[in-house]
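Following are the structures in question.
Two complexes follow with subunit A in common, the first pairing it with subunit B and the second with subunit C.
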Partner chain A sequence: MSKVTISMANSVNISLEFSGGAELLFDMVKRHDVTLPENSQPWTIKSLLVWIRDNLLKERPELFVQGDTVRPGILVLVNDVDWELMGELEYQLEENDRIVFISTLHGG
Partner chain B sequence: MPISCGLCEKRAMLKRPKTGGALCKECFFTVFEAEVHQTITSASLFKRGETVAIAASGGKDSTVLAHLMKLLNHRHDYGLNLILLSVDEGITGYRDDSLETVKRNQQQYELPLKVVSYKELYGWTMDEIVRQIGLKNNCTFCGVFRRQALDRGAMMLGVNKIVTGHNADDVAETVIMNVLRGDIARLQRCTAIVTGTEGAIPRCKPFKYTYEKEIVMYAYFKKLDYFSTECIYSPNAYRGHARTYLKDLESIRSTSIIDIIHSGECMSVSVKKDVKMPTQGTCARCGYISSNELCKACVLLEGLNKGLPKLGIGKPHKARLALGLTNTPDTTTAPGSQRKEGCQSCSCRSRPYAAVSDTPGCNKDNRLSSQSKEDNRLTDSIAKQEELGASYTVGAGGDSCSCNSDVQRETSASTIGVKSVLCGQDKNTPCACRKGKGQVGTRVTGDSPAVPDLDF
Partner chain C sequence: MAASGLEDTELLRLREEVAEKTREIERLKLMLAEGNDTKAQQAKDAPPTLIESGNIQDIPTFQPADRLDKPAIARYSRQLILPELGVKGQLALCGTSVLLVGAGGLGCPAAVYLAAAGVGRLGLVDYDSVELNNLHRQVLHTEGRVGTPKALSVATAVKGLNSTVQCVPYHLQLNSTNALDVIKQYDIVVDCTDNVATRYLLNDACVFTNKPLVSGSALRLEGQLTVYNYKGGPCYRCMYPTPPPPETVTNCSDGGVLGVVPGIIGCLQALEVIKMAAGQEVSYSQRLLLFDALDGTFRSIKLRPRQASCVVCGDAPTVTQLQDYEQFCGAKACDKTQSLRILQDNERISVQEYHTVLSSGAPHLLVDVRQPVELDICQLPNPINIPISQVSRPEQLQQLKTAVTCKVQQLEQDDHKLPVYVVCRQGNDSQLAVEQLRNLLSDLPVHVTDIRGGLMAWARKIDTSFPEY
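So, the complex of A and B:
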């Protein structure tokens, strides 16, 4: 478990989980509890992906994000619910949300 | 505003890619399990009393498959005897870890487990092979060996069927690849839910219509224990591209996957019927089904054991020369009858350019390697199988390295003897595929009954 903290007021605390092979892009760390800094706009998955790319992804970001969305084949769950039922990129993050990214692209 | 389940009042947790419907967790489980049951029963995959080997890699598909086979066998009283069957390629840091997952599955599902290793079957681990040959063509070895290994394991267990975790995405991917390669023979077979029925242990795909997304979601919601890491030796080219393409399509229109399978099924009945299929004979050395005098695995092994690892990779006629084989494989010979008594394992066979028939009375028993011993042992076990009336095959066409790699994909499909054998039986007839140099294997009509070469 790693702790990435950026101290600012009115920030959002969420937990991120990477599995199914997606953790390979994050130093094999599956769970990251993060604090998203204060933002002029409400945090959405779309802005979260940008934040992940800039703050957590160490290498080969194209294996995780493509354009402004996740790479096709990576499933996203918002509090265990398929993000396709939650507005996908437009979903607004709330305090203590748990966002899970599961790669389906790895060997079965 | 939470969306509610299409079947009950609870909150929906998943949007189904196949239908677009939203389901809660419990309804999803019910539907998922019922659909696989439906696939199994409508295709009459099993008969009561059969022993079925579940090809288990420890990955998501085979883990969910093992869980479901156990569950459905109990729930619907299929009357099957289930066994987990794993192949240990000997890849440190990859297969050893995934085998640990399989061993946990064995305990969780209370199923017997059989592991067959490359070391035990062939005398080499993949680690040793890679040390010998480097990272080029290594997937060829792995793919060829794995296909056989699964069948050999299945034969040792005396099973009636093998089930693999190939899912709808895998099948669609294979359809695309076969179309792109113009591989009509494989295209015809690749959508079949059962392959290898003629003289082989049949392989079934209960997940043929099951989306990868649903398999992964099922595993996640059920908290199933699976292993997900790429093979450390894997490049990831051709299949990788097909996969990316398919996933891009799916993200635009999620029914694409099932539509492509449907297209593949339609193409398989509408393409020309006179595609030349190689005649299956048997390997003179190990007795497995092969369209060459020696099966791919035996030639690759010969190369390894003689320090000529390229032997099985390049031009087939060179390999044949080096192995002292005639250029006209007798593919009609009955199993085992081509074996030369006394010469099966002696070193005379390793002599370059020595024809097998040059040393008819050789009684030497110089071991080339432990492989020969293994071959003998396997030959024995094959003989037993024959006595029991069981059929067998080189698991042909089936699995590739779990790395999904291009290199391996192509080469495992073809490996050796490609041109002369795979491109049509009649050597006087130019191969329809007109393969160019460096394209060997990409348009092969296939010498093997099974199809999508994927990880199992």
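So, the complex of A and C:
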């Protein structure tokens, strides 16, 4: 009998923030402290987006995600840095990370 | 002696004559001075020439001063003694041409501080005219100037503050045919606009003419600020290569905005321009400022560098001339809410028809799909309030179904359907709601339509005392 070992990634505590109007899709709550459960793969922004869509989004998911990424006009920050500098979808989440989703504003 | 007596008389006469001539000279001098003053006053009071689409090239020449005269030193003394500015910085500022696009919530505060600080030439572009609902945030306009072009209104205000600034008001919509001609006359461009299409237009035009773009935006209780296309930093398209879907963009008239929020961002835009013009480092190139007025927080975010793959400023640009930005963004280059036509005419009723329904007391349900805060402003009698974003939520739907069941019992004949009328402010959300409710209520004997033009049509056509907002 072969023995299959699955290495599980630990659960991760992170804080999620939504601003610029993105919070409207989350019952107007700007900050969510969440625990991502144990996972077969390390948590990335990509898997986080799926988790948010399934667990946190209250309405109209197409206004937040398109395909496997955020819709155009939403900027993602990892600990106050543009996610483009952090590996975008492939960034691996760490304990106590702060991930911010900002809808860009156009009013004046 | 007689001779000496004659001499005395002659001297006296001459003295009197000199005195009289002196008075005459003083009188003439005074008249001359008054004449000059009147002329100067008239020149100050005269409204600046408004540039419109036909005369874009006809702007007055700009001759920067090579030294500060006594009035300039007196005026700018409190900032001249700052080592960071000094005479050198002030002269540089006085020699700088700044183009402000948008004379609204961001443009007003930006204009007032740029003019006060002594920027040389200030171009002001806006296609719109002043409305009463602008005044809570667009603080340079006045009640007396409601109806006048915004660019002219700001120019008038700014001239009263600092007549030495050359103000050039443009009453026109900036677009891909005129933007380069306007922008090339300036050193720095300030984006105080209110829509996505114009933001992309300004970005591309600034890349093509190699001008820095100081970009601000505000909505509700939040503001954002970034300097684009400056000293090798990223441009707007490096950050946002694809425009947002139009349905995700909210304007100030739908989302609301607290006046002081664009006020703060507009002031910070002026600050970045002043530092740039005076030769200081700017703070928000490749950085994004996020201002949250509710939390009272300012957060500064490090942004990506210029993107080699950028279609307009990258290593192999594919966009090399201005394009049709309304088409690119799928949205108009203004912040006016566009009227949607989702339902057929026979699926909607007019405000007159609803007025008849209401007067006759015929059984029906009115569903108001605005936010609760909007119902506090004004409402028609006995609405059921279900905000558009919550129409499909089970608890809201149950409330509606209960109300329908209750009303159906009032119908005279069983085969009649209960009319359900959906209303909102302008008649857009009501159409979207009708589409959803038809499916959600398909198991009930109802006929769902919306009220064309919404409550604003009601205010204009049925009850003129009804508030418009």
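Following the convention adopted for this analysis, the second predicted complex is superposed on the first by the 95 of 108 C-alpha atoms of A that agree within 3 Å, B and C clash if a C-alpha of one lies under 4 Å from a C-alpha of the other, contacts with A are read in each partner's own complex, and residues count from 1 in each chain.
One rule holds for everything that comes next: a residue touches a chain if its C-beta (ideal position, glycine included) is under 8 Å from a C-beta of that chain, and two chains touch if they have at least 3 such contacts.
Keep in mind the model is a prediction, meaning the values are calculated, not measured.
Novice: Is A:Glu59 touching the first partner subunit B, the second partner subunit C, both, or neither of them?
Specialist: After superposition on chain A, A:Glu59 lies in contact with subunit C alone.
Novice: Is A:Leu89 touching anything from subunit B or subunit C once the two structures are fitted on A? First, second, both or neither.
Specialist: Neither subunit B nor subunit C is touched by A:Leu89.
Novice: Find the residues of subunit A that appear in the contact set with subunit B and again in the contact set with subunit C.
Specialist: Shared contact residues on subunit A: 19-21, 24, 71-73, 75, 77, 80-82, 84-85, 102-108.
Novice: Spell out the residues on subunit A that touch subunit B in their complex, using ranges where they run on.
Specialist: It comes out as residues 19-21, 24, 71-73, 75, 77, 80-82, 84-85, 100, 102-108.
Novice: Within the complex, which stretch of subunit C touches subunit A?
Specialist: Checking each residue of subunit C against subunit A gives 102, 104-107, 191-196, 199, 216-220, 222-224, 239-245, 247-252, 255, 257, 262, 288, 290, 292, 299-304, 335, 389-390, 392.
Novice: Using the touch definition up top, name the residues of subunit A that touch subunit C in the complex.
Specialist: 19-21, 24, 59-60, 63, 71-75, 77, 80-82, 84-85, 102-108
Novice: Show me the residue ranges of subunit B that touch subunit A in the complex, using the header's touch definition.
Specialist: Its residues touching subunit A are 2-3, 11-15, 22, 57, 59-62, 165, 167, 169-170, 212-213, 215-217, 220-221, 228-231, 243-244, 247-248, 250-251, 402-404, 454-455.
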